[in-house]
Amino acid sequence: PPMFDKDLYENNNVAGVVTGLAWTQVGGDILFIEASLSPGKGKLSLTGNLGDVMKESATIAMAYLRAHASKFGIDHRLFDQWDVHVHVPAGATPKDGPSAGITMLTALTSAFTQRRVKSHLAMTGEITLRGKVLPVGGIKEKILAAKRANIKDIILCKSNQKDILEIKEDYIKDLNFHYVSEMKEVIEFALIKDKVKDAIDLTVKEAKETATVN
Amino acid sequence: PPMFDKDLYENNNVAGVVTGLAWTQVGGDILFIEASLSPGKGKLSLTGNLGDVMKESATIAMAYLRAHASKFGIDHRLFDQWDVHVHVPAGATPKDGPSAGITMLTALTSAFTQRRVKSHLAMTGEITLRGKVLPVGGIKEKILAAKRANIKDIILCKSNQKDILEIKEDYIKDLNFHYVSEMKEVIEFALIKDKVKDAIDLTVKEAKETATVN
Amino acid sequence: PPMFDKDLYENNNVAGVVTGLAWTQVGGDILFIEASLSPGKGKLSLTGNLGDVMKESATIAMAYLRAHASKFGIDHRLFDQWDVHVHVPAGATPKDGPSAGITMLTALTSAFTQRRVKSHLAMTGEITLRGKVLPVGGIKEKILAAKRANIKDIILCKSNQKDILEIKEDYIKDLNFHYVSEMKEVIEFALIKDKVKDAIDLTVKEAKETATVN
Amino acid sequence: PPMFDKDLYENNNVAGVVTGLAWTQVGGDILFIEASLSPGKGKLSLTGNLGDVMKESATIAMAYLRAHASKFGIDHRLFDQWDVHVHVPAGATPKDGPSAGITMLTALTSAFTQRRVKSHLAMTGEITLRGKVLPVGGIKEKILAAKRANIKDIILCKSNQKDILEIKEDYIKDLNFHYVSEMKEVIEFALIKDKVKDAIDLTVKEAKETATVN
Amino acid sequence: PPMFDKDLYENNNVAGVVTGLAWTQVGGDILFIEASLSPGKGKLSLTGNLGDVMKESATIAMAYLRAHASKFGIDHRLFDQWDVHVHVPAGATPKDGPSAGITMLTALTSAFTQRRVKSHLAMTGEITLRGKVLPVGGIKEKILAAKRANIKDIILCKSNQKDILEIKEDYIKDLNFHYVSEMKEVIEFALIKDKVKDAIDLTVKEAKETATVN
Amino acid sequence: PPMFDKDLYENNNVAGVVTGLAWTQVGGDILFIEASLSPGKGKLSLTGNLGDVMKESATIAMAYLRAHASKFGIDHRLFDQWDVHVHVPAGATPKDGPSAGITMLTALTSAFTQRRVKSHLAMTGEITLRGKVLPVGGIKEKILAAKRANIKDIILCKSNQKDILEIKEDYIKDLNFHYVSEMKEVIEFALIKDKVKDAIDLTVKEAKETATVN
């Protein structure tokens, strides 16, 4: 008996929450990638009724972030001092595919830097381990869903530009498209320099000596 | 040969026990989320014949609580000093779906604070990792079950208000509905400031030094 | 080619062994829950061809006992110094369902206190994490099996009293029924204060200092 | 293309090897339970194409031995200093059922004491965690296989005596049956006091101090 | 709705990325093996929708590299100080088979030495644990895909030379084939002595003393 | 599209590589068991598309070697200081059955002693945990494959001698058969006293003291 509404863009108040675009059999929709940290030892948890390919996307995004932490101003020791949870509402809907990859990396980067996500932004694209952005399918449906959800800016892979050119211009005149080929372009555009209000304190905890001897 | 009665609301004597609402193929019912702590190292155990989506709800609730512990007055070190068990009676009945999410978070918060749960209260709603409450299905059946079980107050997602408006007023005149959109509203309403009688002692244990050298 | 006899009640010489009641497609039977400790680190092992729901019963019973150890005079540090094994003979017969829950908790409590189990006693009932006893099915068949097995006292959930009233009195005139709604009533009735002969020594081992420096 | 001979009794030179009796769709056979120790940390490994019930038998036997080590003259610290492997040849044949339980306990006890197994002995019976021996099926086929394999003494559960009485006396005149109801009777009969030649040294290793202080 | 382009050779700027050749039901294609390091403890993660045989290839490559690290100038302690992730885009396409074995070893060796991969090179071949290169199938389709993708040099197993001789010369006149039988020939040819620009620092971290005493 | 050649005997340059004999639906073949060590903590990894029974063979061989290390001149502490990988090319071919057992033990023993394997030798036989060699099937096809592969010496179980007597003498006049019943005969015959060239250094590393205090 569940019945669900189409989602709308919400806000950028919380670090780690990024808007993605999904293709479903009944049309496009937006979805939210929620990444959240808690004090821990580096465990990565994934929820949201995710298929194997989508879980792999999160694993790749996390591996990429760990390997290139310093590029994004993240002390790599943080990865061993916090647990990360990535959730994709809503739980009743099975989700799969690689197209949330860049959204996941953006969410994780925002979580580990507490930087605010650009307002009214959505994105879709596959991530590779070396930081490339790959094209994805279902672009037309995703774009219409983005517009309906009040999205203003959309990040896409350069190779998806041809899909946009095939959409009637009327449908997309209020949308700005940003074509990228590398993950660092995504982060640069998607994350504002400012931290969110009430940012959590990500100062590295120095290891305690286990025995101090005079 | 099992035969089961419809459940009734019981009491709020025990911390960690919260009344939820379930939709089943033979009508609505109430269910109890039982969260319990024992001295340990932070393990989360789940029982009650739960499906994957319902298990994920517990995981999300726990992650949310760990990430926002201080908002609820919980010292985050407690999470490493206690094991948590979440059970949903009865064991013979398979259960699934995301709609017990807010009930689970409320139960966990009550367990980790030992605060008493508001009397004659039930709730239903999906939880997200960023603390939003999402609407769920089966509202009509759930509400009738709540009434039959002597529930007085019901917490629902704001987006479920329209489902209540469709129910004949006679059926629900003795029920008070509380519409929320954020988890903190749920906790604020559901948990009384007082601790339960015989509350367990949740003082943080300081780490022992492994070697003391003069 | 296996062929099995109906079991008879045996004795109460061994701590951790409690008689339960089972419903099977060919009538009721008694079964034995065997809980046994060996020096270890708190591992719980389950055998006896048990289905998932029955395994969950053991997990719930153990969680309940850990959370309420002091009520039963058990030092909680014992749980980290002993491994527990719960077995349900016979191995060739698949078993499932929640109705052995209170039997399992009684067996575990006897094992961790070495208290003797009341003689000629059997029980059936589901356990919840907050210590409630829930009704179970198949009562008539179970009761007849108990009588045939020389059981004298039977513990049942209060809500199962109506099932007893439907049994012809002739069949049950030699049986005493004890209706309970909380686990502590079960333990109080089922466990004698005396320890078994040859009780194992459950003195808590103090943690050794790993380095003492003058 | 594999083809296998019926096995014959071999010898009792090696500690940890005990002869069991198996029922198969093409008649009875003997089988060997091989238990072997190597320096380690208490891991139990099982091989031989064993089904779940047969694996559980080994787990139960090991748990029983750990819980009652001192009765058999075994220092319980040994269980943390040796790994145990239990194998049942031959690997191409799937095996299952609880009837090798007492054979497994005998093999494990011989391995952990290095006591020699009685010559020309075979056995079949289910083990329970409290040390009882339960009856098993397929007795007639097993007994004929034992005779063919040059077995002289056979240990059976007391409740299996009736199955022996149904076998024509001519078939079994050279066999001695030993009926038991408790595991300790099995061990007493099956294990000779002497150790095997080339017994491994099972002296307990004292824990090394991790810091030596003057 | 996904639609994908045939891939083109890219560049050799990043250590750990090597071009392989794949056979698919719709013709050959190139694929990229991406190996990446991050500070850790020696964990190996695999993504890219890989089948069991392809996962085994990565495990074998890693085992070979660990066993022969010094031959390739790698300090074996590095394997315990870095986590390795191997990914094969694109995530939506299931991949399997042993033919990426030598590509995986080359990628791992490049990652652990930060040596640059030879430009416009592709390869296909199975790896064995003792360092042999085994022949693979689908050579014709793979070669045509390599040419289309702007590959210039191709490494193949010596036993695959006969497959090349069967291809019309016109198709392959711009390609150079390098036939090998041992992994060390692959590495020698595929990896340039120079490190990549922005190579990560792979200096071995000396273990910290856990207690310093005067 | 894969196509594979029949394999030929190669050489005995590398420790840990032993030639086995396989029965397949299209006739016999030789196969190579590759065992390789790398600095580690005693992990055993298995690859080569192996079925459960064949994996068990490797586990049994490793357990036998650990239990009888001193007989083969191996310091048992080595097992905790090296990881072992056993691979059976080729990866695309599923393999199963117990008949590679003695080949696996020989490969492992060669790896842990670095002793050279006898030249032009192949073997087939099941291993038991107590060191017995059991007969296997498919002997005729295996022998013909061995001859075709340039094998000169073949180790078989004594009980397989009757299978050899059924083969026309012409086919096997260049082959020498060595019938064994115990694993130690296999090792004695199969491993030369000399180590391989470039043997790895298997000196036991003494445990470091974790704190020395004056």
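Lettered A, B, C, D, E and F in written order, each chain numbered from 1.
The definition used in the following text is that a residue touches a chain if its C-beta (ideal position, glycine included) is under 8 Å from a C-beta of that chain, and two chains touch if they have at least 3 such contacts.
The model shown is predicted, which means the values in this text are computed figures rather than measured ones.
Q: On the document's contact criterion, could you list the chains that touch chain D and likewise touch chain E?
A: Touching chain D and chain E alike, sorted by label: F.
Q: Just to be sure I understand the contacts, which chains border both chain F and chain E?
A: Neighbours common to chain E and chain F are absent.
Q: Hey, what angle do you get rotating chain C onto chain D on C-alpha, to the nearest 5 degrees?
A: To bring chain C onto chain D, one rotates by 60 degrees.
Q: If you average the Cα atoms per chain, which one ends up farthest from chain F?
A: It is B whose centre lies farthest from that of chain F.
Q: Using Cα averages as centroids, what's the distance between chain B and chain F in whole Å?
A: The mean C-alpha positions of chain B and chain F differ by 58 Å.
Q: Per the centroid of Cα atoms for each chain, what is the distance between chain B and chain E, given in Å?
A: 50
Q: In whole angstrom, what separates the CA-based centres of chain A and chain B?
A: Roughly 29 Å, centre to centre.
Q: Among all residues of chain D, which ones touch two or more of the remaining chains?
A: 210-211, 213-214
Q: Sort out for me which residues of chain F touch chain D in the complex.
A: 23, 52-53, 56-57, 59-60, 63-64, 66-67, 69, 76, 79, 97-98, 101, 126, 128-130, 132, 134-138, 141, 159, 210-214
Q: Could you pull out which chain D residues touch chain F in their complex?
A: Residues in contact with chain F: 1-5, 14, 16-17, 32, 34-40, 45, 47-49, 83, 85-87, 89-92, 210-214.
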